[in-house]
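Worksheet: one structure, shown below.
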Amino acid sequence: MSQPAVDAPQDPFADSEVVLDVKDLVKHFPIKEGTVFKRRTGAVQAVDGVSFQLRRGETIGIVGESGCGKSTVAKLLMRLEEPDSGSVTFRGEDFLSLKGEDLRRMRRKIQIIFQDPYTSLNPRMSVGDIIAEPFKLHPEAKPAQGVRNRVMELLDLVGLDPEHINRYPHQFSGGQRQRIGIARGLALNPDVIICDEPVSALDVSVQAQVMNLLEDLQQELGLSYIFIAHDLSVVRHIADRVAVMYLGKFAELGNDDEIYRMPSHPYTQALLSAVPVPDPRLRESREEIVLKGDPPNPANPPSGCRFRTRCWKATEICVEQEPELIVRPGITQRSACHYASVQAEFPTDSS
Amino acid sequence: GNGDDGNGDGGNGTADNGGAEAAGGGTVSAYNCEPQNLMPSNSTEVCGSWVLEQLFTGLTQVDYETYEAVPGVATDWESNEDQTEWTFTLGEDWTFHNGDPIDANTFVETFNWVVDPDNAQQNTSFYDVIVGYEDVVNGDAEELAGVTATDDYTLEFELNEPFSPLPMMLSYTGFYPMPAEAFEDPESFEQAPVGNGRYQMDGEWEHDVQIAVDRYEDWPGEDPGVPERIEWQIYNDIETAYLDVQAGTLDIMDSVPPNRLSTMEADFGDNQTMFDTSSFTYMGLPLYQEEFQDKDVRHALSMAIDRQLIIDNIFDGAQVPAGNIIPPMLPSAREDACDYCDFDPEAAAELYEEADGPSELTIYFNSGAGHEDWVEAVSNQWQEHLGIENISFESLEFAQYLDLHDNQEVTGPFRLGWVLSYPSPQYAMEPIYTTGKSSNYADFSNEEFDNLIAEANAADPEEADSIYQEAEDILLEEMPVIPMFFQSQGVVHSDRIQHDSVQMDPRTFLRVEQLVVNEE
Amino acid sequence: MTTPRTPEPSFTGDTASPLLEVVDLHVEFHTKAGVAQAINGLNVTLNAGETLAILGESGSGKSVTAQTIMGILDMPPGHIAGGEIRYRGEDLLTMKPEKRRKLRGVSISMIFQDALSALNPVLPVGWQIAEMFRVHQGMNRKLARQKSIAMMQRVGIPAAEERVGDFPHQFSGGMRQRIMIAMAIALDPDVLIADEPTTALDVTVQAQVMRLLKELQVENNMGLILITHDLGVVADVADKIAVMYAGQVMEVSDVYEIYAQPAHPYTEGLLNSVPRIDGQDERLNAISGLPPSLTDMPSGCPFHPRCPYATDLCSAERPGLLPVVAEHTSACHYREEIYNGTRQPREEAQA
Amino acid sequence: MTGYIIRRMLQFIPVVIAATLIVYAMVFLMPGDPIRALSGDRPMSPQVLETLREQYNLNDPFLVQYAKYMWGVFTAGDFGTTFQGRPVLDIIQQGLPITVTLALVALSFQIVIGVIAGVLAAVYKDSFLDRMVQVSLVIVVAVPTLAIGFLLQLTFGLNLEWFPIAGTREGLVSYVLPGITLGAVSTGIVARMLRSELVEALQSDYVRTATAKGMRRSRVVVRHGLRNSLIPVVTFLGADLATMLGGTVVVETIFNLTGLGGQIFRSIQAQENTVVVGIVTLFVLFYVVLNLVVDLLYAAIDPRIRYD
Amino acid sequence: MTELNKAHTVAAGEPPPAPKKAKAQEEASLWMDAWRSLRRNPWFVVSAVLLVVLVTMALFPQLFTDNDPRACPLSRSRQEPSAEHWFGTDIQGCDYYARVIYGAANSMAVGVIVSLSVFVIGVALGLVAAFFGGWVDAVLMRLTDLVFAIPYLLGALVFLAVQSERSVWDVSLILIVFTWPTFARLMRGSVLAVINNDYITAARALGAGPLTIMRRHILPNSLGPVVGYAAVFTGIVIGAEATLTFLGVGLQLPAISWGLQLDEAKSYLQQLPHLLTFPLIFVALTVFAFTSMGEALRDALDPKSKKR
């Protein structure tokens, strides 16, 4: 893979076509109480104003606190949830207003790999049928070598035994199921794949295999990925740009070097400091920024900056004014912190 | 006419109020079905008339030993020579249960109200022999010209034509006297009818549940009711009632389900008995259809039926094979009057062959009334003995069934029945077989027969019977309907009821007012 | 106040024996294609207060092992073909069912790999946690609810008080996982089996959860079996590591040793596959080849078809789990050479 | 949610209009003359017929009849009278409590016995007991209701004298045998249906979790498995309650109860438009509410089912 | 996919294995797997054999008896079972064995036609209602309320008015029209329980249209309760047919069917129990065969419950 020098802050994808243009996406889930006579008592602000552009061949990684709205963003992009407001444009077409056949056609181009590999596989379909389903749905994409051969090939690609084609999902381990989901997502050679924690249940070796596969496909077909993960090393490895999300908003958005080497948002810094290093000898020496306080309630987020309740830098202005996601003085990436600064460069691996 | 007191109930020593006090009294709970209504002039079915019989007393009553009219409210009656003018003398101490006195005017008012078309009473047509009936019904007159009260206790009838069974007919429910309040608000009246009978209502009619009556102690008649109180429990299902009698929850029922007749003795031992009734079942033939106009065909059909076999095997003996039209219990009934009612398969087959009877038949009957089995048996016998290959059934709801008859759309033998509203041979024949009568579903028309009936109606009662029999002979020869059975009724009762006191009449069946309750 | 029922007596066994000992366990699945040997003679030992990390290939039988220990394996199709599982010296497999039931959740507890399907979709999460207190400690409804809110707070669920009544589908993947954790640690078990407990958690929350588990371990001298793919986490918290492959333990060692000097080619391969956070974007090193089919196990060492060092001996004879140095055992014929880094890969295996 | 309920209740209106219109039309279309049938074999005089027809608007064109009737219902709450002059409301008043009690007794029987049998059959799947439940269902389905009722009457009424044979004199006790008779088939169905659903639910991961939590088998089955298998059962019970209301003829007849089922049956035979339509209106209201309740129960059973 | 395959080829250590194994592997789908496991399920085999026998009986009754079911000399009425008349004789004196054998045709036909049709209708409508929700659901469900509210006796009587000859099809039609709502509601309920699953979302994400989702994902996962009920329903229909006949709107007498035999036998429960027993055994066997089959099918369609 050829990548420009790490130091160059400019976007290597600046010239590529924008595949996905997301503006101000908002999704609030109503909270209801009572078993039968439910009253609406509030709303979880799962996604609250997310904007970004995804270009051809690019990978955007999304990291962030659990429950901050990553999966919801993914679902919104797939139109599996309808956003409360905002727009999603796919190759210049308004994705949100598509209906029927047009939507179906478009869905061939955007695929998702679900976070939960247990519930997203139909228990009454054999693995072969699950992976062959995309071809059934989009006959125009039928592979030349025959669906079944292609399915076996896909199984093999993700490191599963093609002989297991007739098995049912419950006969597989967690990681194996996750790979079934990946194989399904890859089947149609889409333009964009939204991967919601695609490798979390895989052992490192298989994970390596799958990531290599994803990268190879990207190289070859110009695929774009949105890659949601908690494993920051994995994200760093695969992503060109990284978005750090906190409580329904992007806290920071920049290329992987900017984020990993010069994090400017305190949350990003805390996150990076908590990454465990695969070397037991560093156990004691690591300095982890332990966030104070409890995570805020997404139904009733703090005013101003949403991170301020747990931030060691917070002042009056953070309470009053919501920081925008913009390029701030002293940094090259966009950051939603009034005091954005590259306070400390994250210590690189000592090996 | 005669004023013969005729109350010769020597067999029933319990009827004496006061005499055998020990045996009288108590409460009897008896089976009943839900009456359509409790308006005497509107009641046409057995469930209602059974109750009304106890609540009301008409001008005359029937002595079921002799089948003659005996005094009710009227103590005496006589007619002119040709039976067209009748004078009834009324007893003077009759009152309704509410105390209103009853006199000749009560009857005049009642009868005028009943025939008034605005009141739409179903029994109106019984009045058609009375002069002025047509005018009232057509709205040309307000009152029946033929009924007048010459004084407080004398009632006169003027008839359109000679009609000797009049005193007998006047015993019928449709001629009971009614108090003024009945006319003001008939609907609430029938919830708790105020009559002049042996018993008076206790509370209202609880629909589908029960009707309770208490003995009316001021009843001026000859043989007052024995039980102090009668409670009719209303059942939808006779099987259930039967079980309840078995369990002792119900004292008595008079319509044992046919399929139970074979187990009746085992279930009840001595507490059961059978009675004959006037309920006549026949297979009518649509004479307006060409196939049935040849009387040989009709004879053949009749002779091909083994009635006794059907009765034994399907009704468990609960019917009497019909060899006549006049019910056997009437004095005028004869045995062996019918030449073609005996089972004779060979003769039948021959006759049918000769007459070229239809090779396909549809048999009609009304559904849901338990006729399937015997009709099927008849059909099997016709198939077997007459070689009719193709017999199908048409079973219909009663309303639709009557519709077909009205429109003369019936194409084959049909089942119908007839119950005597008053026990007279006239009533057994005239409404069904005289030309143009509304119940003449077979469309039978025979001048000789019509004349004989008219003649009998005009004759002295002593001579009338033989003329009615002549008329019956014509029916049995012409056979517009194939007589099938006269029904027998099973009665079962609990140990509370004295078996000897169980008596039946052929019209309303069990005489519930005669029952004696055993002391507990 | 109702007086709480007397808590069910905790199991008092032989305190001299190890806390948990799995001896020569064999588990099979009956499938259409034949008998799948998911576990083939597995041996592990867990001492009180110890953290045993189980690493291994996806599909190598980690979850099946955990389920077998818990006694919740679906039988059929599963079938325990042999072995013993000793808890404080007493064999769980032959124990009276009622006695064993009382151990579950109280003395031996488990965090499931898949949180969504492991949580009852129709019961509020709070109820599901509270059930532990109510059934095992006879606590009343109100108190149990308070306790479960406390547990939810402990695992870092924001606005726990408001969300106790919510249903699993209303939570994000990571939040569900934390609910599972809360449920499993509710009664301070002696043994906690955590099957990939933090896959859906971001690193800060993960760190928090791991700290929590550590605390419990210190407080109660709890034995922890940590099944995970995250070598970083393992490096951080484990005392001992068992590496599994194809239903067998390949290597057991002290945590410091194994990272520095693995004594089994599979472990070596795994460590090589780890992406680094200082992320050079080179291809990741996956172990080549597919794991063996469980219905058709290769003769000898199950890893030999993929092993760069394999010889004829490997395909002929199955190596036992033998010590390399003290407390460090490996199931490889050439363990010492690999431990010392002196063995050369076969020519053709070098990619 | 309240909005949802209101919307659902409003849907009652078109259903009532449609149902009454259809039913009215059907009675109208039924062959035969209801007035004619009143007097049995012996025909009424034409004048009487005419008066009665007039009185019950039977000579009007169909839509006029219907309009007159509905006008009476909505302006004066007048549901008309029977051909015998009995007010329809009176009939409903008498029959409704009986029908409702009967249906509720049958329902309780179905729920209690059906659920217990279903749960046991599922837990001991393929055991003798499981097969017994199946065989009982098969037999109960094959035996005519009337025969079941009769056998119960004979055994528990006549011979053992535990329950009255018929009638409602002894209060709730009187409803036991009819309730069982009415609910027998459905009880078997509930048991079978629940059994199959529960067997499936018991294989799920969350049931496994419950076991791992150290719950007793009974608690695992009842608290964790059962609820997830209830939706078809609740649906069936809802639908069955609906059919039960109108279909109690046989049971009402043999147990001599004066409920609405038998009433509507007889009224149809007598072509008493007023009674039929009156009862149907009541039923429609009941069904709309019943189905709403069922739908709300869905949401209560499975929180993932949402209505907005 | 050059580099990829290269990488992979190396990884796999041999040429792409997929095509090689494609031939060897038997293609599998849920339905084929189901069929395979059905064949090995003894309950299925037994019930299949039973059904074959019953169907043969319905189609070729002559194979089972030489006696004419319509030869009914009254003189031999009500005989107990004997060597000559295995099942005894009925009220009319017909050979009861022959009657029962000949009764299979009508009963099986009505039973199968009706349950099959309501199954199809109910599944289709229930699926559509639950899947699309909103007004589609409202309209369909109110329609079920409406049908529930219309007494089926009324419908049957009106239907009769326009029908002179009544065949099995006509009788079936009446029953179908009035019984589909239970199926629709049952189906709707189980679809609602399934529709919120993630795999449905996943299918939508793949671009599956409503039809595909319903057919491939929802149907197999929600069919269970309806299949089970349809099996039992066959038996219920066999009984219901007789009721219609006795109201004059069912099969035209003197038709022969099990329902009619059972109905007739009701009156002689104590006196002539054999009249009830024999048709009952046959109806029970039919229901048993259908329910066992339904259950076996359900088991087979559940990959998790597969016995081996």
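Letters A, B, C, D and E name the chains as they come in the text, with residue numbers starting at 1 for each one.
The criterion applied here is as follows: a contact is a pair of C-beta atoms (placed from the backbone, for glycine too) under 8 Å apart; a residue touches a chain by one contact, two chains touch by 3 or more.
To keep track of the chains, here are their UniProt names: A, C = Oligopeptide/dipeptide ABC transporter ATP-binding protein.
Being a predicted model, the structure only gives us computed values, none of them experimental.
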Topological distance between subunit B and subunit D, in contact steps: 1
Which of A-E and C-D has more C-beta pairs touching across its chains: A-E
Distance between the centres, which are taken as Cα means, of subunit E and subunit C, whole angstrom: 48
Centroid spacing, where centroids are CA-atom means, of subunit B and subunit E in whole angstrom: 51
Euclidean distance of C-alpha centroids - subunit A vs subunit B, Å: 92
Distance from subunit C to subunit A - Cα centre to Cα centre, in angstrom: 27
Residues of subunit C touching at least two other chains: 32, 77, 114, 116-117, 169, 286, 290
Where subunit E touches two or more other chains, by residue: 11-12, 33, 157, 161, 196, 198, 270, 302, 304
Subunit B, residues touching no fewer than two other chains: 239, 368, 396-397, 400
Parts of subunit B lying in touch with subunit E, wherever the complex brings them together: 239, 257, 259, 262-263, 306, 309-310, 313-314, 366-368, 372-373, 376-377, 379-381, 383-384, 391-397, 400
Interface residues, subunit B side, partner subunit D - complex: 36-37, 44-45, 117-122, 124-125, 128, 137-138, 186-187, 190, 207-209, 233-237, 239-241, 243-244, 246-247, 249, 368, 396-403, 406, 416-419, 421, 431, 438-439
Subunit A to subunit E touching residues, read off their complex: 75, 78, 80, 103-108, 111-112, 114, 116, 119-126, 128-129, 133-134, 136-138, 145-146, 148-149, 152-153, 155-157, 162-163, 165-166, 168, 170, 181, 184, 209, 212-213, 216-217, 219-220
Subunit D residues within the subunit C interface of the complex: 203-206, 208-216, 219, 223-224, 227-228, 301-304
Touching residues (chain side subunit D, partner subunit E) in the complex: 11, 14-15, 18-19, 22-23, 26-27, 29-31, 134-135, 137-139, 141-147, 150-151, 154, 185, 188-189, 192-193, 196-197, 199-200, 203, 231-232, 234-236, 238-240, 242-243, 246, 264-265, 268-269, 276, 280, 283-284, 287-288, 291, 294, 298, 302, 304-305
